[in-house]
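Some structures to go through are shown next.
Shared between the two complexes below is chain A, which pairs with chain B and chain C, respectively.
Moving on to the complex of A and B:
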């Protein structure tokens, strides 16, 4: 038998590892800054580019796509080459993937602070960047499948199944959630509206967690955990069952982000039930990972790498239990829109993604640079700092979430809201925001310790040549064994079946939502936004108001008493995109329209504390100075008309004039209260939008 | 210790070995229970008890609350004296509302009417000019129902009847005081009792 000799591409792994380390620090630093802003509003610094509403998407995008993304790619390139016994299909494509991805991250870091955003969570990047993501993803997929086709090991190991499912599903999610109609290079509108947009967004948002933060990392775990522990995976058959059940069930669970919203009840039920059914499939991965250490638990005492990995898998197990619990409607009533969700996601992100990444990096660095780690002690110190940081963070946010959730729902003995002023419930948790920031700082400090350790390790090192390997060539002979055994040797069939598995849930939920009108009962008094309101809505999106304010009053008595009539799906039919929000750092705004005078809004945006003494909202004084741009308002109205919003010809033709006339009327009202010269300022458009919110059903 | 089961086929996955142990019983149990729960849940809520779904449940709760409020309202109406303003005036003069009224005012009204009642976004309370009448009952009415067209919200869902009364008394007590920055007068002149001096002035 001939033996082929070849080399793995280690350079590309080193590149991705460094990108992980650097972007991780950037993402966490932004996280600490926005945590600081919630504790201390002055930390918004009065600079538009640095306000919470604009930086929060930067933080989430940086940690998900830059930190976890590069970590996924680093591990995938390292593990896959060795599992497939082949160098990557094309070194050039590997590098296009690497540099393309880094450019996308840089583009995100520039555009998001500028307020260039679609507003859809974890999909905020505007359409040119969306296209670039698609292109880079396709390059990666070609490279990856190319490698699979030139592999020498005929059977695909479970890690590869997870990588394949991730690559395919992320592509599907990204493309369908990003369908948008551009009006300029920096602005587009989602093709979906209201409830449908919400459903598609959370099908995407939930499965970004699933197929960007869970399945890729399970793939990494299946390679690096047995490598680091030097033990066997617990159960091959468990890996088969949990892989297929996980990818099939995950897709259905998106609506649990929309419990008690205007989403039809049947879809909410799907979201809750499929989340509960996900416990076992998720835990299958945890069992297979943890039990790799069976009989060798003592190694944990010595080895910081195993410490990181075991704690990561433990956090995975906790998060995948907590998630389904939060999907139970009666608990979600309490937790939704609060910091409990923030606690939950950070358990996953800091514990599972972060710690698995760190364990992997400490394992990889000596192998990629041919030198022992500089200090095991520092790695252990990093571990304890990180763990303590996560626990402080999560506990603070958990207490904040439960406290605020209970206060929102609390009635006194006479049946009146016990805390009718929203700000009282904010004041109660500000001390916890400080504690959370401290937890985040500790975690960031740990990451800096790692940077130091890695730099010390590789200082002055001669970068070794690519690792040499040898294997027998791919041999085609009839396979005897179970269906799955044969499937593992048939990557195309496996990919097709995985694609079918992930499409079923999404199609089963979105097709009825789009096709059956009864799901969104229409309300005849609901009319399209005026051109000026549309312009104001885009300012709302630019400033990221939706990051702190919901526009979705749940059908709960406490909400109806606090905010007014609960939100109906028919009210959002012209909302491209929907702006329901997912977190209430400030109160809901769906019925803010007509509640206060124009002057109230102007004063409040200029200085929130002039109206609400304890408010933690940033001041938006620049809205009173910036001239509003109505040059593209006609293009906006036209785009909306294309998307099916019933504007008449007159509105399209005279969009700008109509906007100016409405602005004049608002400015006159403000002038009567002694504020002159607002007819061409951005604040006027924003006021027009806010005053319209939620008012149509009262007509 | 139980021997690990091995898969029939072994591969070279870069030195990684796999066992092929049975699925843990408790794991299968959790999976089965969650699936069974789903099968039970759908017919239970969607077909047998649709009244427990959010909108219907909310409606029931709101109806119940309405009944309680209506009963309280009816009780109050039964006690309504012949001349409500005389009774209110007596209560106003008797005092005892100052502390509560001020607290409610500072928490809810000061933002738009200034802490000293001089007015900012909303009207000035210190002068003798009123938009909706200056009688105690007029003030209570405005606080309770609001003036939606002008951005004065209805405080009925938020403040209790006693709190509304106390804060209205407090607002009345601000009349004739000297604020730091008085807003210009709005509305029409009223007499000491709060009635519009010019009979043609609007009452609402």
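Moving on to the complex of A and C:
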């Protein structure tokens, strides 16, 4: 048997590690800024590009796709080459992947503050960037599967499966959730509407958590945890059970983001049940990771890397317990729309993703640069700062969530809402927003300590040559009868199996919804938006209003009392995209239409505190100055008609004239109250939209 | 919803391949050995040229526990 000598591509790992470090700092910095904005509204600075509504998506995209994404790729490139005993299939593809991904992140960092957004959570990027993501992802997949094909190790270690499942599933999720009809280079409408859009979105959204933040990191855990502990994984058999059960169950859980919404009950219940079942594989994985340290727990005292990893896995366990609990309808009633959810995701993101990443980086840096870490003490300090930061953050948000949730639901002895003014429930938790910001700062500080430590470690170092390795080639059967040969190749099998598992789950959810019309009962009085309202709706999307305001009144007594009639799925059939929201930093807006006069809205947008003294909403004074752009309103109406919204020919051809006429009417009303010259301002379109919301059902 | 016409055939085709592939997966014997893969991960490449920590072949913990 011949032994082949080859080298791994270590340079690409170094690149991704640095990208992780740098984007992590950027994403967390934006996080701290928006935390500050919630505590102190003036931190919105009165600049359109820096308001909470526009920066929040930047924060989530940066930490998910830039920080966690680059971390996943760094670990994947390092571990896979070694597990497969092969250099990556193509150095060029690796670099296209790297630079392409960084460019996408830069594009996100530019477009999101500009208000170029689809409004769908974690899928806010507009269609040209969506296409770029797809292209880069395909490049990565080719490179990855190419490496698997030229591997020298026949057996595929469990980490490889987790990476394969992530690559395949994210591709499917991204493509199907991003199907949208472009209006211009910077604007598109989701092809789905209302409840169906919501289902596809949360099928994506939940599985983004599953296949971007969980399975890739489990792959990393199964490689780096044994490496750091210098002992084998507790049970290899359990890891295989963990993998298959996890990917099969995860894909069904999406509807737990839509409990008590107008999603049909059967889908909600299914999401709840599968979420509960997820505890089993998740905890199997957690136990497998933690018990890898069996007999070596003493090392935890000394080794900051193990500290990071063990706490990361513990947070994985806690998040995957809390998640299913929050998916139970009776608890979700309290937690949904509150900061409890924010607490939950940060346990996962800061604890699981962040700490596993840091553990991995501290382990990788000495190996990638051939030099011991500059300071173990500083790494330990980073650990404690991070842990304290997470705990302060989570505790504050947990208390804020429960407090506000209880206040929303509370009735007095006469049967009236105890806190009828929404702002009272905000005022109660603002101190906790300050504490949360402090927790976030501490965590960010820890990350800065790591930056210093890493920079000191590699200062003046000569970057070592790529690691050399030896292995016997993997002798395959000759290529005759190539169909059979291809089928026999394990990677293909695994890819297909993983794809099947996720597709069965995904389809079981989406097909009935799209096929059975009865699931979306039509309401005859619900009509499409007028052209002006459509333009206003796009301003609502641009400003990211949906990041703080829901448009989904749950069928609970407290909500009906507070906001009005609960929301019906038939009311959203023309909503491309849906704007239900997932967090109520401010009140629900679904029945805002007709509740207040036009002037109220104008004053409120200009200066929220002129209307609600303790409001923490940023002022949107520029809406009173910006000229509204009606040049593309016809294209918008046309696109909507193309997507099945029943506009008549007259509305399409005269879209602009109709919009101007409606704007004139609103401006006249405002003029009667002493505000002149609003007929061509953006505020008028927004008012038109807000005044329309939730009113059709009353006709 | 036009998407249905894309999703359903896609799913059917994939499930068909899956059944075939599953049979071949067992033939490939990926799941036969449940012990050694866990240890194989721990061996470092290029030990001779490596200057980083644990380059000197520190004993793999737990190895002696395997039957």
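Rule of thumb we're sticking to: the second predicted complex is superposed on the first by the 685 of 699 C-alpha atoms of A that agree within 3 Å, B and C clash if a C-alpha of one lies under 4 Å from a C-alpha of the other, contacts with A are read in each partner's own complex, and residues count from 1 in each chain.
Operating definition for what follows: a contact is a pair of C-beta atoms (placed from the backbone, for glycine too) under 8 Å apart; a residue touches a chain by one contact, two chains touch by 3 or more.
In this text, all values refer to a predicted model and were calculated from it rather than measured experimentally.
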Checklist entry - Where does A:556 make contact in the superposed view: on chain B (first), on chain C (second), on both, or on neither? => result first
Checklist entry - Thinking of the overlay built on chain A, is A:83 touched by chain B (first), by chain C (second), by both, or by neither? => result both
Checklist entry - Is A:157 contacted by the first partner chain B, the second partner chain C, both or neither? => result both
Next on the checklist: So in the superposed three-chain picture, is A:227 touching just chain B, just chain C, both, or none of them (first/second/both/neither)?
Outcome noted: both
Next on the checklist: Looking at A:468, would you say it contacts chain B, chain C, both, or neither? Reply first, second, both or neither.
Outcome noted: second
Checklist entry - In the superposed arrangement, does A:179 touch chain B (first), chain C (second), both or neither? => result second
Checklist entry - Which partner does A:499 reach: the first (chain B), the second (chain C), both, or neither? => result second
Item to check | First, second, both or neither for A:445, with chain B first and chain C second | outcome: neither
Checklist outcome for this item: The chain contacting more residues of chain A, comparing chain B with chain C, is B
Checklist entry - Counting only touches as set out at the top, which of chain B and chain C does A:370 meet: first, second, both, neither? => result second
Checklist outcome for this item: Residue overlap on chain A between the chain B interface and the chain C interface 82-83, 153, 155, 157-158, 223, 226-227, 231-233, 236-237, 295
Item to check | Touching residues on chain B, where the partner in the complex is chain A | outcome: 1, 4, 7-9, 11-24, 27-28, 30-31, 34-35, 37-38, 41-42, 45-46, 53-55, 57-58, 61-62, 65, 68, 107-108, 111-112, 120-122, 148, 150-151, 153, 157-160
Checklist outcome for this item: Seen from chain A, its contact residues with chain C in the complex are 8, 82-83, 153, 155-158, 176, 179, 191-192, 196, 223, 226-227, 229-233, 236-237, 240, 295-296, 366-367, 370-372, 464-465, 467-470, 487-490, 492-494, 496-497, 499-500, 503-504, 507, 510-511, 514-515
Checklist outcome for this item: Residue positions on chain C within touch of chain A in the complex are 1, 3-4, 7-8, 10-11, 14-15, 17-18, 20-22, 24-25, 27-28, 30-31, 33-35, 37-42, 45-46, 49-54, 58, 60-62
Checklist entry - What residues on chain A touch chain B, complex-wise? => result 79, 82-83, 85, 153, 155, 157-158, 223, 226-227, 231-239, 241, 245, 260, 265-266, 269, 272-274, 276-277, 279-281, 283-284, 287, 295, 329, 414-417, 420-421, 471, 481, 485, 554-557, 560-562, 566, 594-600, 603, 610-613, 673
